[in-house]
Structure formats: C-alpha cells, structure tokens
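Structure record follows, encoded as structure tokens.
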Amino acid sequence: MTRLTDLLSTLFERRYFSEPTKGRRPIEAMCHDLLTSRGDVSGMQLARMILDRFEALEDAGRLAFFQFLTRDMDVDPAAVAQAATEYGADRNKATYSALLRIAEAPRQELARRLNQVPGATARLVAMRTDLLRFAKDDPALLRTDQDFQHLFSSWFNRGFLVLRRINWDTPASVLERIIAYEAVHAIDSWDDLRRRLQPEDRRCYAFFHPAMPDDPLIFVEVALAKGIPGSIQAVLAEERAPVRATDADTAVFYSISNCQSGLAGISFGNSLIKQVVADLSRDLPHLKTFVTLSPIPGLGRWMDGQDDERITALRYAARQGDTKKLTAEADPLRAIAAHYLLEAKRDNGLPADPVARFHLNNGALVHEIHAMADTSANGLNASCGAMVNYLYDSNRIEENHEDFASTRKVVASKPVQALARTARTTGMTAAKAGDKTRTPSNA
Amino acid sequence: MTRLTDLLSTLFERRYFSEPTKGRRPIEAMCHDLLTSRGDVSGMQLARMILDRFEALEDAGRLAFFQFLTRDMDVDPAAVAQAATEYGADRNKATYSALLRIAEAPRQELARRLNQVPGATARLVAMRTDLLRFAKDDPALLRTDQDFQHLFSSWFNRGFLVLRRINWDTPASVLERIIAYEAVHAIDSWDDLRRRLQPEDRRCYAFFHPAMPDDPLIFVEVALAKGIPGSIQAVLAEERAPVRATDADTAVFYSISNCQSGLAGISFGNSLIKQVVADLSRDLPHLKTFVTLSPIPGLGRWMDGQDDERITALRYAARQGDTKKLTAEADPLRAIAAHYLLEAKRDNGLPADPVARFHLNNGALVHEIHAMADTSANGLNASCGAMVNYLYDSNRIEENHEDFASTRKVVASKPVQALARTARTTGMTAAKAGDKTRTPSNA
Amino acid sequence: MTRLTDLLSTLFERRYFSEPTKGRRPIEAMCHDLLTSRGDVSGMQLARMILDRFEALEDAGRLAFFQFLTRDMDVDPAAVAQAATEYGADRNKATYSALLRIAEAPRQELARRLNQVPGATARLVAMRTDLLRFAKDDPALLRTDQDFQHLFSSWFNRGFLVLRRINWDTPASVLERIIAYEAVHAIDSWDDLRRRLQPEDRRCYAFFHPAMPDDPLIFVEVALAKGIPGSIQAVLAEERAPVRATDADTAVFYSISNCQSGLAGISFGNSLIKQVVADLSRDLPHLKTFVTLSPIPGLGRWMDGQDDERITALRYAARQGDTKKLTAEADPLRAIAAHYLLEAKRDNGLPADPVARFHLNNGALVHEIHAMADTSANGLNASCGAMVNYLYDSNRIEENHEDFASTRKVVASKPVQALARTARTTGMTAAKAGDKTRTPSNA
Amino acid sequence: MTRLTDLLSTLFERRYFSEPTKGRRPIEAMCHDLLTSRGDVSGMQLARMILDRFEALEDAGRLAFFQFLTRDMDVDPAAVAQAATEYGADRNKATYSALLRIAEAPRQELARRLNQVPGATARLVAMRTDLLRFAKDDPALLRTDQDFQHLFSSWFNRGFLVLRRINWDTPASVLERIIAYEAVHAIDSWDDLRRRLQPEDRRCYAFFHPAMPDDPLIFVEVALAKGIPGSIQAVLAEERAPVRATDADTAVFYSISNCQSGLAGISFGNSLIKQVVADLSRDLPHLKTFVTLSPIPGLGRWMDGQDDERITALRYAARQGDTKKLTAEADPLRAIAAHYLLEAKRDNGLPADPVARFHLNNGALVHEIHAMADTSANGLNASCGAMVNYLYDSNRIEENHEDFASTRKVVASKPVQALARTARTTGMTAAKAGDKTRTPSNA
C-alpha cells in the first residue's frame, strides 16, 4: 500500500471512528454505509474494512453475517409487486429503472461494491464457499447463494476467461495449486507433477480469470498417445517411454478438476474441453481422436444395490484387491459397467453416473469400457477398477448433445451397446430394471 | 479460427440451416434459440452469428433489433408481481430463484450469452453506442439501455480494471487510440503525442479491461512541474525545457478523456485520479501538490446569458482573438469565472459547470483561476481563455466530498472566494443571481 | 541510479579526485587506470566516467582519443614475436597464456571493460561510427577499427541475436527507429508505416541484440502476394486491397535495411532472410515462392559509362521523367539491366552491383527484371525505373551459393539469360565487354 | 524445426554426404570445412552437425577431439613471429589485420562459428566442463582452455548479464536448477525451497545470460533480519516467524552458488553482490547492514595441521558431534577461527581460506565470528561449527578492496582483531606462525 493510500486510510479510519457513539461499528452497519455512500472516495476503504472484518470472524460471526444478508438485504416483495404493476401500467425509463432497482436484492449491489477492492473477487469466491457450507444446515441461506451464483455467472462469463497452458515453465505458485486441486488422480509429489507436464506427450490447460491470475478455475490433463489407452496406471507410469508429440494420433483427457468450491454451479468444463480440442487440432494436425479416460464413480455403489451374486463376488474381489479374479472376470465386469452407464438413471431420467452426465451432455458418446483400468485402492473401491472412454467426435458432437438434451438418450458405440446387452441376457442385471436402476436425482 | 472450429462451424451452419423451412433464419429467432439452447455446444456459434448479423445490418435493421429487445425481451410485469407475491408468502430457494429469473428481462441473459464469444465485450459496448444514438429519437429504447448499463456496471467493476502506464514504449495500436480519444486538448500528430509521453516530466495512465486489452476506457495526462502552471499552452509548448522528474513538486492533471461512448454512465474518472495520485506519490515522494489544469466549458455560454456590458465586451474580445484586451482585463475575467464556478447552479443545486461537478464530487476544491490560460480558438470561444485548477488535497478530500455530496457546497480557496466576491461587489454579476445563474439540470 | 550506487559513486569520485595532483585526470590516464584496476569494485564507475567523458568531447578530442587508442594501446610487435618464439620453443599453458595476452592490443580489453556498464554496448557501437568517420582521413585508425570489428563479431554472433516481428503492436519507441532506419524506400509518415505493418499481407522482422533491446540491427519488410509483383509503387500503393494472408503464394522481400553504421562489416542480412523464410514457411504453408523486389542501384551510373546512343536516350528519358518513353522501351531497358547484372563485374570478378552481390552470395538467383518498376525520382535516377527479383529457391540455394562463391558464376533464370543475350545481339552493349563492364572493386 | 529448415537440412546432408569418398566424414574434417565455408548458408547446418556429433561421442572420442583442437587448431608460432615483425616494420591496416588473424588460434573462430546455432552457447559451456575434466590428466589441453576462457570472458561480459529475482513465481524449470545448483546449504525438497523464496523476509537473485535464459549462472540467497544472525540453522529453521520486510535492518547473504562448471574462472560473484546490495537498498531503504553468514571451509583442515592439544580436542569434539563441549569452548574456537582467517596464508600471501579471499577481495571485512553456527554434519566437520560474517560497508568497500589488493591486508573489526590476539596470547596457535600457517597456494 502506498503512502498516500496509507494516509487516506488513516484519515478515513480516524474520521470514521472518531464519534464516540460509533464505537466499533458493527459489520452490518458498515454494509449499510457502503450501500448508501454516494461517491467512491471512501467506498473502497469501507469495502476493504468489511472484507477484513468478515475474514477475522469465527464461524458463528460468519453465519450471523450471512443470515443478515439473507434477512436484511433481501428484496421487498410488496415493493417489487408494486413496482411491477406500475411498470405494467406505464412502461418507461423511470418505471423500468425503479423496477430494476427494487427487484434486485441489496446484497447484490453490496457484493459489487465489495468487489472494487483489488483482490476482492477471490475473497468473495471464498466467502461463497463458507456460505454453501452453512447452507447445508440453514437452507434459507440458499436464497443469498442464488444472488452470489447470479453475480458469478456474469463475472466468470466464458468471454472473460483466459486459457493458459500449464507446463514445467509455469510459476511454482500456480503449480502448487495444481497439485492441491487435482481431484481425480492425486499428484503425489513435484516429481509426479513433472511427469505430467514435462514430457512432450503431455499437456495441461487451465482457465483463469484476470482478477485471479494465479489461481486456476478448472484444469484438464491430457496424454498424447498412439491409440486409445485402457489403463490409467499405464498412462501415469513412471518408467514409460514418451511418444513423440508429432507421432500421436490420440489425445486422452484423463483428468478434469474444478478448483474453486466457491464457483459451484458455474460450469466451465464443456468450454474447456472444446477449446483444448480446438487448440490441439491446430497445433498437432495428426491428432484424429479426442477421448477421455474417465472414472465411473457411481458404479461400485450401484453394484452394491444389486442382488446378483456374481456382482457381489466382483465387489468382494475388488475390495480384497484380488486382481487375478478381476482380470479373469474382465468381460462380465465390462458388461455390468456398460449396463450401468446406459441404463441406470436418476428420477429425472438422466444417467445415474455424474461423470457420464457431464460428458454426454457435452455431446460425447460412450466409446469403450476397460476392466483393470484403475487398480489403485480408490479405483478398485469406486468401480472395481473399471474405467470408460468418452469420445468427442466433432462430426457427431452437436447431434449427440441435442439428442441427449431432448430425449436423454445415451449414445454409445456398437461394442458398448453389445456389452450392455450381454449384461441383460446373462441375467446379471435385474429384469425389473425400472425399479433397481433408478436412484434419486439428488443422490 | 482453427480447423476444428472451422469444421464445427461449418457442420453447425449446415445443420442449422438445412431444414428448408428455416431459410435465412431471422435474427430475432436466433436470439430466442440462443436463450433456449440447453448446452453451450452450439451456443457460441449461435452467439457469433448473431453478433455478425447485427453488425451487417443497416440503421433500420439495428433499430428494429433494439425495438425487438425492448418489446419482446422485456420483463412480464404481471408475472413479476405474481412471483413477488409468491416469494412474499413463502421465502425459500425455489420462490426466490423464480423471482430472480422472472424479474430480469431476458435481454440481460441474451447479452451474457452473446458475451461468450471471444472479443464480444467490445462489440456489445459498440452496440450500446448505437442504442444510445437511436434512443434520442425513441426513448422507449432507454429501458433496454437500463439493462446494458446494469450489466456493464457489473462487468466493468473497478475490481476488474487494470491501470497501465501509457508511454513511448506502448504499442502503436494503443497509442493511435489515445490520439483518437483525446477529447480535451486535441493531439495533432505523432510528434505531439511523443511530446506528451516521452519527456521525463510527463505521465499518462489509462484503465483497461482485460477483455478489451488494446482499447483504453479512460486516460489522464499528467505534467510534472515546479509550482502550479496557469497556461495550457505553456504546458504543451513544443520548445519547453523538461523538468527533472525528481525535482518536480507538483503533478498537473491537464486532460482526462473517456474513451468509450458505449460506457456512458459508468464512471471511471474518480478511481483513475485517486489511483494515479497514489502511484505518483509512491514513485516520486517529492510531489506535494496534485492539481488539475481544467477547462471551464460552460463559462462562455453562461456569460452570453448575462446582461452586463463589461461581460459582453470580454466575450466580444475573446471572439475577436483580442488577447491584448483579455490580458488587460485578466482580473475581472477571473472574478467572473470564480463567480460562475461558485454560484452558477443547475436546478438541482449542483454547479452549472460539468467539469466542476466532476472534480468537486471527487472531493477536489477550486484552487486558482487563470486568465489567458487557454488561448486556442476553442479555449477563447468556450471560456474567454480562462482555466481553473482543482486541488486534490489528501487531507481534505474526504471531507470536501461529503460536504459537497450532502450540502452541495462548493469548496474554494480563499483567493478564489475573494475573486468571486469581487465579481458581486463590482456589480458585474446580477444581484438577482437566483434567476440568472440557474440553468436547467439537463443542459 | 539507486541511492547506494549514488553513494558509491560519490565516494569514489571524491576519492578519485581528492589528490590535488590528480586534478581533472585525463581520459587517457583513466583508461590506463581501468586496465590496471585489479577488482571490479571501482571498475564500473571508472568505465562509466570514461564513456561519459568521451561523449562530452568535441570532434578534436574524439580524434585524439582514437589516436591514443591506435598509438598507445597497440600491440608491441617485438614482444609478440618474442612470446611467439617462446611458445614455439615450449608449448604449455604459461607460454600460451602469455602469447594470448601479449598478442592482443590492450584496446580490446579496454573495450571489454567499458562494456561492463549497463547500456555500454550501444555506446561502443556509436563510438565506432565516429571512428569510421575519422578513419576516412586518418587510415591509421583502421587498425583500431580492426579490433572493434573483431570484438563486435564475437558479441553480435548470430547465436546471440533475437528475431522479433515488428507490427502495429510494437512499441512506438522501436517503430520510430524503423522509420528513421529505412534506407531503401523511405517511410514518409506514421500512416505510411502503418500501411507496411498492419494489413494482414504485410510482415516486418528485425534482429535485435539483448543488450540493445529497443534498437534493431537490421530489418526486412515483406509483402505477401499472389504471384510476383513487378512494381514497388503497386506494392506500396495507399489504396490497394490487401490479400488474405492464407491466400498468398508468394512472399516478397521488398526492403532490407541495416540500422547500425557502427556495425559495418558485421553481416546479418543472410541470416535474417533465411530465418524469415523458415518462419513464414512454418506459419503460412501455402507460400511457395520467396523472392525479392530489389533496386539495381549501380545500373544508372554504369549506363552513363556506355557509349551507345539508345542507352544514352534511355538515361535522358529517365532523367526527364518521360515514363511514356520508358514504357515503350521497356524491353530494351530490361535487356540492358539483365546484361548489367550478369556481365558487369568489379576487378575481383564479382558483380558490379552491390545488391546483386549480396543476394547472389546468399544463394539467390536473378529471376526476373521489370521496367517501370520504381517510378520514384530516386528509382528513375538510379536505374531508369528498373528493378529485379532475386529468387530464394530452397532446392537450389546451397548449390547457387557454392557456385557463386567458388566460380563467381551469376545464376539467372532462362528468361533473364535470354534478355541478357538480346542486349548483346542487338549491339547495345559493348563488344569489348572486358574493358567497359569492369569497375574498380572499391567503387 | 520448421519444414523448410527440415528440407534445407535434408538437402544439405544429402549433398554433403553424397560423394562416396566422403563416407562418414570425420568431425575433424567437418571443423576444417566449417572454418573454410565462405557463406553461412551451410555454416549453421555444419555447426549443428559438429555439436551433435561431439555430444554423441564417448569419452575417448571427446578427448581425441580436444587433442585435435589443441594440436591442429593451434597458432603457428613462426607465422605469428613473422606477422609481428612485419607489423612492427610497417604498421598499417593490412599488416595489423594479418597479425590479428594469425595470432589467434583457429579454434577460437571455430567456437564462434559453432555458436551460431540456436542454443549453442550452453552446449559450448558444457563442452568446456568436459575439457577441464580431461585437462587434469592432460595439461596440454589447458592451452585450448585458455581460448575458451578468453571467448567466454567476452561473451559473458557483465554488460550482457541480466539480474533476475528468483521467487515462488519463477518457472519450475528454473527452480529445479536452483535446487540442483545450491552448493553451500543443500536444498532438501520443494518445501525447503519454498521456505527460502516465499516468506517476505527472503530474497534470491541470479544472473542469467540471454542465450541461456532458463539456466542461472550464479545465484545468491538473502535473509532479511533484525540484527546480524549467528546461526545458519536459525536462519533456515522451518518453524521460524518471518520478519516484515519493511522492519528488517539487515540483509544477510547466506549462500552464493556458481552454477556452471564450464564457466570456471569467469567471475560473477562480486558484481552480483554489489548489484543486489544496490537493488535492496533502493527497494528497502530501512536496510542499513549488508553482511554474509559464511562458512569457513578451510578451518578444519588447518586445525588438523596444528599441534596444540586444545585444538585437537575441539576437532575431536566436532567429529563426535559433541555440541556441549563446542558450546562450552565457544570463545576459544572463535579465537582460533579469527586467527585462521587473519593470519593463515597461502604462499602468495593471500588468506588460506577461499571464501575469505573472495569476500575480502570484494572489499568486505571480517566482522564477527560465531561458534555453534553451523551444526550440520558438514559444518561440524569442515569448521567445528564456526561461521563468519563478512560485512559489506559501502563507506569502506573501496578502500578495503584497494588495501587488500595492494598489501593483502585482511581488514577486520576490532572485536575480531581482539579474538585473533587472544588465540596468540593464550598460546593456542604456534609462535612460529610463519611456517605453520602457510599453505601452498594451489591448495
């Protein structure tokens, strides 16, 4: 902070707290002051003080602050109805302007004013992480969260995001966040990170927002390969020999991680994949196939709900780490996984598997299923070691997406369809699929 | 555009227009499509097509498009009133979410979706320039403008802006915009520009938005000086000897230009000046005085409305370029200008002069007035050559601003107050100041 | 300069000049001090003072300084002979080290020590510009110049140069140098510069040295085109419609300018062209032809030395600006130019034309000749308006270069060879070509 | 590599090897070709091939190559003597030019031509590392090394180096080199590195050469502190509380590491320290004291050569890790270390301790000595845990340096002088210091 800023700040604080009656002014009062300050001379100081004060609060204080936002910074429904009626009666600038102002909860304008402070955007995102935590126990707070989500959708609009390649020349301060945020296949060490970034057959891309230049929003890790791999351990093996980038025909998206819990509900993944496909196509024209190597996180839980003994035996083998059995039973397991991906649905008719929902909604299709593909403890536990390739085929992406969006049809390759049929014909999966495969939408 | 993007684009357009009934789909229908598209697979293509289509339209087409936004993408007042009532009856996430959605005109969401396209932000700002032009004849369009202004306030929040120094190492593509946008003292040539950027006693700073990295939003030109200068021609003289930056005690803000007519009503000037004062204070600790050298754009017109023959004679001399007379009558002219700045008001009680309103609202005070300070044709015509220094005194800025905001009191130095009294005591200005000095607020 | 540096500097200067006998120590003594200073504590201060002192000198002082370098900082031939003999008698580290030290003139080490100062490289380059100027009248100084040239060859080694694209986003401080340095087709104004940089069918590249980051060493201007152009005025026309970069099949190098007279004799042009060809080939794979559009600067003077009346008439027409005549006589003029380029030689057997020598030595060939190709006053005067395309054909470049280097054979396309024959068969050029076409090598 | 470069390369190699007699042309022949190639069309290809070939050689081949350089690319002493005599007889450009050329070994020009290849500078530096290794057994190679050293002194001139701050935002590819190159206090892990870079009281600076932008030449690690620390473990403690940078009054240089063994003999350390002192003084004006915390690497070995039983007992305690004893005997140990630093000399009269030689030659003085200051195994072994602060006092630096350079006087603070006296008066160190404290200069 500069000397003048210091000076201004000191003068301001002295002034602000000089009247004895003000004492240590409560944060709620400061918020009202910020909303009514006419110029922005003092606004930025005030905003900074509110953010500092909030971050110094314990949980109880933070909860109280969110409750204040929800209760005292809400819209006034009667006033909104009145303004709407007046606008309906005479649609002009003044009546519309009044409606716009009255129909927006004051907490939105408060957030915009807090955001004036340099660095505030990241602090407001962190504030929403807190809010979502408290809202689990106090659902009324979800009303305030609606406003956060509305604002963040506008601020983190695709047009404002910047795609940056992450590699071994990236600043360590960003790389340590990549290590921390990796949510699919944990990065053990800086050496592990280097193996994912430095070889010429590896790529990593992230979206950043200009107001949070060191903190990625989402990132994807890509392996360039000859052919489609069927094992994540093979992709990540320490001793593997890299492929020459110009020799590769396939780009494998093997990990996508959202970084900011405070941006839950703001979707970046589809844009990221599309942009990376476009960039890789331009840089490496030999690439023909764009495919994921994805976990099937809901498979294990779903299998636990089936009462077929072969399924139960597979789950048991996986829990025991009995890879011999899993190898021997690779085809039945693949059939079960195919059935799960194609037939298991939530109440709303969408696929039960969350990763499947994401890629299918993006326009990808279920291309192939592999057993013994993730033999880590986590992989065996979550899906008996099975993984799936979703294929991004630019000729079909648009059609797939529209079919999925309108009819919820899960598009799959012929081999995967055949696998799914096998599961049914061998009786491994319940005849009365209707009941058993449904899971509640909010699962 | 990459090959894959090309391909996607081609496929999309083929698909989009393949059904004969679609023909050349009207822009209005495309807007509805964009709002109802569920994924963003095709969204970005569609958004790009809408922007391209709009920009290819003639005025009539653009006007029709804005009328469509105003009429067909408006809120539904009855639905808003209904949603407000329902929310009032039961405040929960669902009712609030519904109210949020219904109370926002669909044109806002449309603008956000258009903004996904790379480079769209600048195109939407340009779109608003058009909108404001049409709104002069069709005030109903001002309702749509309210939405643009609301969105832009959020997007161009202070926290997202970047301050950058403009100097002779700045890319030519940015500098040519500085030349084009300078609105106060025109820049004649690249040589003139260099004289304002390269000497060590000159500074220039601009705010940029990350989504418009080559296009400044506002910029300020600063001269470092020993003492406060009283003539813009002296400041800009070709042959002057530069002051060493470390010897200067005064920073003179001699020109502030807003660059984007499409951002009218979004205020950046106050933040810019404050930030530049802070940065200069840090870099050059010898600087003690921060002051403007500002035009008095409303003075001439105001003088024309007075029926004092000495005033009329001064106006006549200025129009004739009779600098001898203006030099001889320097003090009376300064007194008149002081009186104008301190006493001439709009109906709402704010100062008649727009530049005065800006700086006084920022917390500056009227420090000194100079005759023969701008002897350009424009300066003589607008203000008989008079200019004014507004002083940014960090000890008083906050207090000045609050006084002005609450009581509309114009703070001035003692010498300027004395000057203004002279004007009254010598009878040059009307006794019944009440009538004569008022100008309509919308002047 | 920082405070500590200031302090060090002050202490040093005080100390350095404190002894009354030192008085204002002569620059020659300071040079000896610099060479004998054991550490570099004071070395950098001393080096800076020497450079400052030199630059404050008038011509007489500078000449004296160069004479001092030449006379007093020369090698000692007897000592060199002695050291060589000792090394011949016993080749070991000590004798070799002694020879290395003794055989190098002290002025080389002086220059290296001067170069420690930040920014010194450019100042030493400027110093050599002076030296070369004085050496015209005092050829003894050329011995000192040999040392400068030897050092600069090492410092400006190709491996240290950086190729940068110059475009409309380049800092103005660099662009103004491009304007100043353009030596072939003068750049009239910033608008003219923009027309050469901004359209998508224009490129400009320069070599920079890291120690002179704002000052180009050499640059080349390129036009992308469909087919090979035959008129520089057409290439530079204000109103022309740009070609889409991806549609172009030909890259035309229409201007190459060396920027630093102090780097005379250090050749960058060949590397620059090769590198730009490589970069353009990578970025725009449709480009098939790389060709220059070059002046024939020696043609006019050579024509003046011929006693053929048709040639005399063409020269007269060109001097009168009689473009009608020049158009009518296009083919004879082209034939004469072809003959000149292929047959007119210096005493050492190299082509008389300096631009021809440059491109032929690079491995290019004479591809086509155009009349009425440069109708500027300068073009008409220097070459009756004729210009030439040299072709860089990557299949033949190596062979051409070796042929030219070993046999001095001028490689030309069949049409140009035919043109040259025409000149001979129509008797326009002297039979006794041997005499008439020779010009002294030092012309 | 671009397509055109590929093509050129292929054509060149085909051509180069097409004649059956050429076969696989030996590297020595290629070097001769490179020296005689007239243009640089093929020069860069040839240079690249030579570097590639060298790097593919085993040790025997590399040794043979260096012997070839030493023997066959040497100067011709008789020719040098002849050229020197001719120059002595008639000093003109031609005779001087001939002498310059003949007196320089062809291997220097060879190295310059190899350096044309992008990235070659680092490869030549690595080549010298090899050369120095072989020269241990074959001292004749040191003649060739003289030429490398001469060239590198010119290429790595202070004026070409760039100082860059190393921090947690530095690319990982540079940071991993910092970890690898740290030669004084090993960096255990990325976490250890972060503790040295990220806290606000830590700084790290490195010199880079523009042709090796990712590879530091030398770096220094700095701790900001209140007062002068006396223990490296305290400085590097994991759990310490950082000092606010603006509160610090002392900058402690606690580690300086040269990175490139191939640049042995080219000194950067003095310039680096001076530059960092200057930069820190500017950025943090509160800093008053600039001091090292340095090892005393020669102390242990020197103590082993003394026949005083107290000294022997201290060595024994240190070897046993008996910190209790070392703590109890802190003062005698400090006295011994002071005596060693001030009195132990090499044959040439310079201090026996290499770190002392470096800092004293830079103009620093011996400020304080600490026992139990480096309790690592290495510290106890090398110096019984003692360390020393060398003080860089800008008021005395120049004088100290000159005194040291001319008289070899070791400047020390009064307390250190007193300590050294104690060692003598208590009889711990030999009376006949002359003999005992001398060590061979090449130790």
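By letter and in written order, the chains are A, B, C and D; residue numbering begins at 1 in each of them.
We adopt the following convention: a contact is a pair of C-beta atoms (placed from the backbone, for glycine too) under 8 Å apart; a residue touches a chain by one contact, two chains touch by 3 or more.
Since we're looking at a predicted model, the values are computed, not measured.
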Chain labels contacting subunit A and also subunit B: none
Subunit A-subunit D separation of Cα centroids, rounded to whole Å: 50
For subunit B paired with subunit D, centre-to-centre distance based on mean C-alpha positions, whole Å: 58
Interchain contacts, given as pairs of chains that touch: A-B, A-D, B-C, C-D
Interface residues, subunit C side, partner subunit B - complex: 168-173, 175-176, 190, 194, 214
Subunit B residues within the subunit A interface of the complex: 2-5, 7-8, 11-12, 15, 38-42, 44, 74-75, 77-78, 80-81, 84-85, 87-88, 91-93, 96-97, 99-100, 103-104, 112, 115-121, 139-140, 142-143, 145-147, 150-151, 153-155, 157-160, 162, 210-211, 270-271, 274, 277-279, 281-282, 285, 361-363, 394-395, 397-399, 401, 405
